[in-house]
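In the two complexes below, chain A is the common chain; its partner is chain B in one and chain C in the other.
Right, the complex of A and B next:
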């Protein structure tokens, strides 16, 4: 009896370990390949890879400066557009959950999360790119912000819902309005989940390609022109260069992949380290 | 100015259809300690929450009757302004965990514009912590966070935070229910020392605590006031059999 339970335990443990390894393997493989292939490019070019223009098809090497700058600008702008309304909406919905507006917002915003980002790209193309007559960093940012909004909203609502009722009551019992409670109590209390929400949303839009396909343009001959002019972005550059037939472009795509991964990890680690949780 | 800080007439409160308070009529004199006694579930906390309109946050709550606080009907004034004058301390110690001990006490003072300068604020924080006999225990660690305090110290911190708002009425919802006897005695002593400065309305299910601190008491049972009057009178000569049973711990 005991032996059979031990055997079953080992069997299940082996199964769990095997399935875990199978699910982690593709990710590990991607990271390994990006490290090997991208590392080679970065070791060869060093900082030049980050500050130089992309190569021409037959040139030996080039950098990712327009894509790096474009990604940083477009993602930051998208965050600036998406975070304030999603923050306000999330607070309203958690404070007045039975209000009709809350119920409608909850359904609409959450279902917006499931809309394919290529559809968002098409939508922004028709409402912004066509009237403006050009793809632009602004149009890319708007598309990214539409992707970011439901993500930020979901993080913010779960953060606000985690406020202990005793803390809510303490704030109200001291005569604070909902706005004052938010500013003076909740934001400080929720600094970690709120920052994590902002950061995860930033990382989401930083690595998203589809919203930029019809909106951002593909700038390669200079680093940055302006918000109303075409730009470039790391995921877009990786997508386009990986599909191209040129070896030089493949090398840049691998290097950009490693940079994208490094930015992901760095931002996440820094934010987790800097923002300390609150001990209750 | 009325001699009463609180005047409640025919107050009936229903929550999702269930009658929690029934035709409660009570008056609380200014600058006294009024203790509302009663077993669990008798409607004491609901009564407190009608005085500062925290009842507004309770789902499905219906309030009927008149509640006058500091001479004004509570439904004719701004609820936030009302709550800054009628501050409540809950049963569970609930200091703001992300703020230092100093900031916890200073926040309501800042929000209510009680202190105009940093020096005034420092003095007010010290005054509030002294009133709850916490100053000597925390004066060297005002920049620490509340999680470093014991449960009783946290509750005294909450009391100091409430006092720093300079309220005219202090509502206490079983403030010593979850803390040790030493801290309980300190809180009771603080309350006795405060009665000259503000009106205190406390809720408790412990008759001996009411006997130690109250000037006036009322017994609430099943949502109805059974008996009220000066504490000495009620404790020495209870008129109702229900009061008698409650005081003997048989209710």
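Right, the complex of A and C next:
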């Protein structure tokens, strides 16, 4: 009886471990394929891959400059739009948790995470792209910022909730107002989790495709023409080129994937180094 | 509850933001409804039941139905969630219990990396690595030997199919679900675990007990993951094959609502009712996603309160 239980125990442990290894194996395959396929393109072109325009379907090679610049600009702008309100909102909700507005806000922002990003893209298309007459980097950034808002909010609220009550009470006992306590005590105390929150939000925004589909445009003939003009982005370029039938485009897509992966892994490692347990 | 003047200022300056967020969600829903209205008015129930996609220069000739996309969405998201439930439970147990700390932490790191990986990377990998692999090694044999089962009765031509899309989607959503489950697992008071071990239970029996306590939470996590899978665009659009076909066969290509929108949006502006139909699809998607994710969050809260007692 006991022996069969022990045997069963080993069997279950082995099964569980094996299933886990199988479910993370795709990451190895993804990185391997990106290194092989993307590495070939990058080795062939070197730095030119980063600074040149994308190829035409029949030209032998080309780069990803517009997408790289567009991604950096749009994600940074989106972060600038999304972080201040979500920071204020998070502080509001954690400081006045019993107020009706806070309760409603908490539910609404959390459900905001459930809004599919393609729906956000259509919404921004309707309220910004149609009135402005053109897709633009600005519209793309706004769409990204709507995706970023709930993420930043969740990070900030959990950071604020982690303030020990002893420190909160000490600040209050010194006669500080909530705003002063935030500026002089909490921000210093929470610098690591807050930085991680911002970094993780940036990562999320940097890799997101669907919000940009109808808002960003698809610029390939110059590198950058301004915020109110169409732009391009790395994930968008990968998506469009992966759907296209041309071999030259697929190669560029893999090269771009390798660049995207490198940026992602570097930023992720920094974020993870600051605080243990990063969740996207 | 407002103490000083400065606190009042803080309250009233951030209040518009809070109201603004609520307004934003309403604005999204109402603008989708406004855009979709012509299509609802023109096609009525046909919109949900028909599976034709007939654009035409003449608005009277136009006819659009979302049935294949709705069925496809549910099919792919359900299948993906069903696949990722056992994977996530195993991963959760491996990270928290089975492996020693020195190995569990790196594995957790890997799971987190996978959770944040841009979805387009999964999509590209799925379409260029998994599609040919599955077509030649899984789908063709399945069709050949088990073709008499309706699920495998259709001939796999390209490899882009419900099966492929669900599989890639499952791989991509497993880390998310695992993270949720780990969070929940760590909330279960350790007395249950310790009690079980002290009664002489072996590891797998303890896991069974812990999973029993965790069961409502697993359902909630699956619901949240399902809601995410429903709205996922990039992965599905790159692997599902994008074909307007109402199908229940696993090896057939189909559409989901997001992939239909992603594919048709650019050309939809040319016809009178195509764009409103896509907006109608987006509205349906939004409502279902909001409902499921709200329900999931509620269930998590309810479970947390019960376990903490």
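Note that in this section the second predicted complex is superposed on the first by the 261 of 280 C-alpha atoms of A that agree within 3 Å, B and C clash if a C-alpha of one lies under 4 Å from a C-alpha of the other, contacts with A are read in each partner's own complex, and residues count from 1 in each chain.
In this text, a contact is a pair of C-beta atoms (placed from the backbone, for glycine too) under 8 Å apart; a residue touches a chain by one contact, two chains touch by 3 or more.
Computed from a predicted structure; not experimentally measured.
Asker: Are chain B and chain C a fit on chain A, or do they clash, once the structures share the same frame?
Answerer: Here chain B and chain C can both sit on chain A without a clash.
Asker: In the superposed model, which partner reaches more residues of chain A, chain B or chain C?
Answerer: Of chain B and chain C, C contacts more residues of chain A.
Asker: Tell me which partner A:115 touches in the superposition: chain B (first), chain C (second), both or neither.
Answerer: Touch partner of A:115: chain C, not chain B.
Asker: Can A:257 be said to touch chain B (first), chain C (second), both, or neither?
Answerer: The second partner, chain C, only.
Asker: Contacts for A:209 in the overlay, against chain B (first) and chain C (second): which applies, first, second, both or neither?
Answerer: second
Asker: After the superposition on A, what does A:129 contact: first (chain B), second (chain C), both or neither?
Answerer: Neither partner.
Asker: Applying the touch criterion given at the start, work out whether A:177 contacts chain B, chain C, both or neither, answering first, second, both or neither.
Answerer: Both chain B and chain C are touched by A:177.
Asker: Once both structures are overlaid on their shared chain, how near does any Cα of chain B get to a Cα of chain C? Whole angstrom is fine.
Answerer: 6
Asker: Identify the overlap between the chain B-contacting and the chain C-contacting residues of chain A.
Answerer: Common interface on chain A, chain B vs chain C: 177, 180, 278-280.
Asker: Can you tell me which positions in chain C touch chain A when the two form their complex?
Answerer: Where chain C meets chain A, its residues are 1, 3-4, 6-7, 9-11, 13-15, 17-22, 24-25, 27-28, 31-32, 35, 86-88, 90-91, 93-95, 98-99, 107-125, 127-129, 171, 174, 176, 179, 202-205, 207, 227-228, 230-234, 237-238, 258, 261-262, 265, 278-279, 282, 285-286, 289-290, 292-294, 297.
Asker: Quick one: in the complex, what on chain A touches chain B?
Answerer: Where chain A meets chain B, its residues are 164, 166-167, 169-177, 180, 184-185, 188-189, 191, 278-280.
Asker: For the complex, which residues does chain A have touching chain C?
Answerer: So the residues of chain A touching chain C come out as 5-6, 8-9, 12-13, 15-17, 19-20, 22-24, 26-27, 29-30, 33-34, 37, 85, 88-89, 91-93, 95-96, 98-99, 101-102, 104-105, 107-120, 122-123, 126-127, 146, 149, 177-180, 200, 203-204, 206-210, 213-214, 235, 238-239, 242-243, 250, 253-254, 257, 260-261, 264-265, 268, 272, 277-280.
Asker: For a test of understanding, state which residues of chain B touch chain A in their complex under the given definition.
Answerer: On the chain B side, the touching residues are 52, 54, 57, 80-85, 87-90, 92, 94-99, 107-108, 111-112, 145, 147, 158, 161-162, 165, 171.
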